[in-house]
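Shared between the two complexes below is chain A, which pairs with chain B and chain C, respectively.
Take a look at the complex of A and B:
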């Protein structure tokens, strides 16, 4: 019991600080004046850039880019501030409320519109009017940063999910290692051939939708041809037929192998060298393409291939799901013009290429992503090609926490506590109810 | 005695001392007003608004409270989860730490080492501990189920099965009863030896001595522990956030670990619905304060203050 007192103390302090700061900050809404004084002082302007890139690999990379920017001109100095992933955005919220935010921050791409709605970030349309740079980004990513048709952030990185598969296992099972199943039905057939058992105990599982990074929610999106849980008008469509079919697909696989077997097997999964795909416990592993770096570092001898996510029927579309991060100017930042210049630099070709090359991240700049040097890597090329079918789903403004209502029903269906139909109907009703509370 | 000295002093000096007293305590009073009472009152006010820190702050009356009670299924779910946890964990950990304290309150060789060993787990804290327990509670290969297996019983799927997640957390909490044990141990050693001697001469056995001497003598500490413990238990948060089976859904599986504060956290920092989160906070505050008052009132009937005239 003693253990959580420090946490609650921190939480309470954080909450009360937020409250207090917001109380103080409420009165000073003079962003414009502040900007004027900043430019009036003529000297070099220092801007504060907040990231969560503090790891041994990422920190030197972003600091090199910042260094290059600082040397490239003599008016702006960028100061890098690192905050851990768990703290950065609550700190930012308090800073925005206090009227003293950083000038540029890295934030999630999905919730850009939500933050715009909440007045937490700065409208960029004025800068874009002078300098239209939206053409440098992948269109799907650009759409995500728009709120009421205007941009509130610049996309920086993205990711996409694909199917990694073990070519040796394919060969051993008499399958063509260069041909990955095209449809979900074929995938299940292939998976059956890849299973290995010792008596009644599984020693290898070909594929389970419950493993790795493309679960029922994503499969449902693929089944409904890229719509996901909300239709064009923003109406929830959680219990539609495609989503039900996807649930049945997950359950058919679970029934064939046995949910208990799946759980027991999953309990033995490790990481790094012991990652189930790298260790050969699972033959087909859907994951973000950056998973390649783990294979590179921990699975040198692994003979693997990469393929798009299957489709429901011929040419229905190999839809995948992605996310990513954006750069934005928090509301009330003191040097928006300088911040914009720095953001423009970060999303320009050279910085983006450097980031992609060093981190093996998918970047938002199309030209940088398609750099011939980078495309030499087979996995990297596949990832860039996959961007054409990758969807990024913005957080719905009047139900940002809707997954908390859907996922429990998903679990209930998978555990057999509810029929798939019941579960999805319940999720649909709950989300509709939530949205009703939030529309005022 | 103090009173008689005071009477001799002049009123002027008394006032001066009073003023100095206020000056000395003023940092705490100012701190309390600015950092505790201020935010507290503000949050009460904001719970009647749609406050989201950055974009709006409009009075919406009791809408938040009505939504909470009548339209939010996760409010009831999280409240139930939290009560479940409090109802089982508070008595169990109290009993556990008391039992441990009694066992360690002996004069046998090496007792200090034992005390240290049992106290050790309560210094460990935070995410590292939860990850350790996630490993221990792994259904197939975890140490807990392996040990249960020795007795021919198949252990449950602890953190995976929604029916067993809360018992798993309560079990984990029992592991670190050392903190409470230390307090009980201290109070056990304050029980005057002559009481035991007298009762022994009168022919009281071990159990009678414990029931009629030890227990009444430590009831003040018991009450203190019970209340602080209960308040702490209502604030459970991290466990649900970290030990969820699906990383993307804190409180999973099936929201069985969605505790009240976790729900509040999501509403405050994911949805930015601070007004609603504050309404949640006030609801919990009222629940805790009512239970604490009941505890204090009931304490008259079972807590024994030695020589204090029940002050």
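Take a look at the complex of A and C:
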């Protein structure tokens, strides 16, 4: 088939696109919303609660909590619906735009402010005025749910990263298995002693910052004493000295072992299934503390220890990074008052304690997290203690995807295509440029 | 002497013949070896799926990875089926795919008939507009369409997944039209002389003659509905109405993935599509020919 009039084809495409887009503009006033999913029967209100907890371990736990809530009063019934992790937020976005969102949803803590900025969630200050419950939460988490000083979500769970290490490997290398290196320099020295080679081929690697969950970006945050890529005023500081030192630390390790050796070794253990720490191929493994459940379930009596992230010099701070999930009311939800009551229940001590106990998650409620029964588990206690040095970084509003600009430069530096200084200067310039564009 | 010579010639000839045969055989062997190696490379992920689906989670997580499971856990399939509520999801998916195939075949063959065989003012223009819609990426129309369906209270039902099929799909209309173009107009004129209406001609002449194209769009639609994830995800709000693709995702969690169930489930979902391919292989290839324009 030949298009005789290519111009008219283009024109018509453009026209139909414009028509479709303009149809979207009037869509979000949400007056005639769908009420099918939230009907009030006999004065009782049904609220919709969306989570991504559908696995056979998590689902019964959240549904038990919901059951308890439904039985605890006779005005509100919570209906739980599961959607796959990640995709749940695609669905929510469409639902908010159409004005028929759920009443409560679980979402990421880091982007709470960004969602508030885009008018996707509900300001909770009115509820908090009547009942101030912010004292329940770890302060670092509470700060993350604020947008222009007002709360738009309640923290539910959190996590923190720590160093897991193989005590048997430590003993075998003549190291004290109860003492993990305190500083980054000591860590590198320890790592050297833990490497094992067969001829020129590594059979075990003591530690590499390129493996597991605390890479250059996190180390840079630890080196700069918890500031990370943006300073207090929101100005990007990607190429500052501490971040450069962190890059050099990563590169020194890579040069010692050989980047090629690191890559080959990494390729041999793949990325998702068998874990090299559990398999005894890597001796030191920084990860979220929930990694413990994998060791517990698959680590057949692995003799491991857990320690805070190192620091650059004595008492500079064992800074770690964390994240977590929050509960929030999507914009346009029909029963905010009832949603609030349910969220209050979910963040209260008993529900939070139950969740922590069954899932081994770190929870946002300080009192629940510090429950003496829970603290009997060594790893759990270490994780709660680590909250004092754990930082959660909100997504910057005028550069939400800044990592996409930093990561290529990070990789260029690691691959040796650019000097660390050049790479970080380039990343700094790129992020500055992005922010300039977004603030116009 | 002459006999000796001729025997030598025969010998040389048979030598030549043998070496040619040998060369052919070696060539064939090399070709088969290369093709086998390539096929193995392509089948490796599939084997990995099968093997993972039969392992225990402990074996999946252990190092070094094993190609053949140490012990065969056939019960993974049974557990996947019951834990994932797959009976329900399969029925739902079959319903969606079935309705999809019927509506797409009816509407697209009908619309294509108009574009291919009926002359009316603005036909070319309309056809161009229709083709133009193929250039709009699905993500652009996602939110507006969703809002529209929300306004008419169709979200939470199967209607947004079923009804649009009645309004045709640009690519399939194009495909069937190309096929119709190769059917001589004389047939239609003969029908008209005998007093047949357009509906009759479409149903009794065009569809039977365009069978390959009809099968191709049926298969395309079935595959599309079978593998659809985004549509059901955003329009369905009850778990009892989920389809297989959403059901599969429940084995993937926030921090751990139940690989054995995920792989067993993926194979269960994959099986009908593979079966379909073997049964209708000829049409798949024919479909590629139609769409690349060699027929039209």
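By our rule, the second predicted complex is superposed on the first by the 393 of 440 C-alpha atoms of A that agree within 3 Å, B and C clash if a C-alpha of one lies under 4 Å from a C-alpha of the other, contacts with A are read in each partner's own complex, and residues count from 1 in each chain.
Please note the rule applied: a contact is a pair of C-beta atoms (placed from the backbone, for glycine too) under 8 Å apart; a residue touches a chain by one contact, two chains touch by 3 or more.
Because the structure is a prediction, the values reported are computed rather than measured.
Undergrad: Spot which of chain B and chain C makes contact with more residues of chain A, would you?
TA: Of chain B and chain C, more residues of chain A lie in contact with C.
Undergrad: Just checking: does A:403 make contact with chain B only, chain C only, both, or neither of them? Give me first, second, both or neither.
TA: first
Undergrad: Have a look at where A:84 lands relative to chain B and chain C in the superposition and call it first, second, both or neither.
TA: Only chain C; A:84 stays clear of chain B.
Undergrad: Is A:276 touching anything from chain B or chain C once the two structures are fitted on A? First, second, both or neither.
TA: second
Undergrad: Scan A:97 for contacts with chain B and chain C and give back first, second, both or neither.
TA: The answer is both, since A:97 touches chain B and chain C.
Undergrad: Applying the touch criterion given at the start, work out whether A:73 contacts chain B, chain C, both or neither, answering first, second, both or neither.
TA: neither
Undergrad: Taking the superposition as given, does A:58 touch the first partner, chain B, the second, chain C, both, or neither?
TA: Touch status of A:58: second partner only.
Undergrad: Where does A:294 make contact in the superposed view: on chain B (first), on chain C (second), on both, or on neither?
TA: second
Undergrad: Please work out whether A:118 is in contact with chain B alone, chain C alone, both, or neither, and reply first, second, both or neither.
TA: Touch status of A:118: first partner only.
Undergrad: So which bits of chain A does chain B touch that chain C touches too?
TA: Overlap of chain B and chain C footprints on chain A: residues 1, 3-5, 8, 16, 20, 23, 90, 93, 97.
Undergrad: Touching chain C in the complex: which residues of chain A?
TA: So the residues of chain A in touch with chain C come to 1, 3-5, 8-10, 12-13, 16-17, 20-21, 23-24, 27-28, 32-34, 36-37, 48, 52-58, 81-85, 87, 90-91, 93-95, 97-100, 269-270, 272-276, 278-281, 288, 290, 293-294, 298.
Undergrad: Touching chain A in the complex: which residues of chain B?
TA: Interface residues on chain B, with respect to chain A: 34-36, 38-39, 42-43, 46, 50, 52-55, 60, 67, 71-74, 89, 93, 122, 124-126, 129, 138-142, 157, 160-162, 173, 176, 179-180, 228-229, 232-233, 235-239, 246, 248-249, 251-255, 258, 261, 265-272.
Undergrad: For chain A, which residues are in contact with chain B within the complex?
TA: Going by the criterion above, the answer is residues 1-8, 11, 15-16, 18-20, 22-23, 89-90, 93, 96-97, 114, 117-120, 263-264, 267-268, 331, 400-401, 403-405, 407-408, 411-412, 415, 417, 430, 433, 436-437, 440.
Undergrad: Could you list, by residue number, the parts of chain C that touch chain A in their complex?
TA: Chain C reaches chain A through residues 57-58, 60-65, 83, 124-125, 128-129, 131-133, 135-136, 140-144, 146-151, 153, 155-156, 174, 177-178, 229-230, 233-234, 237-239, 246, 249-259, 293, 296.
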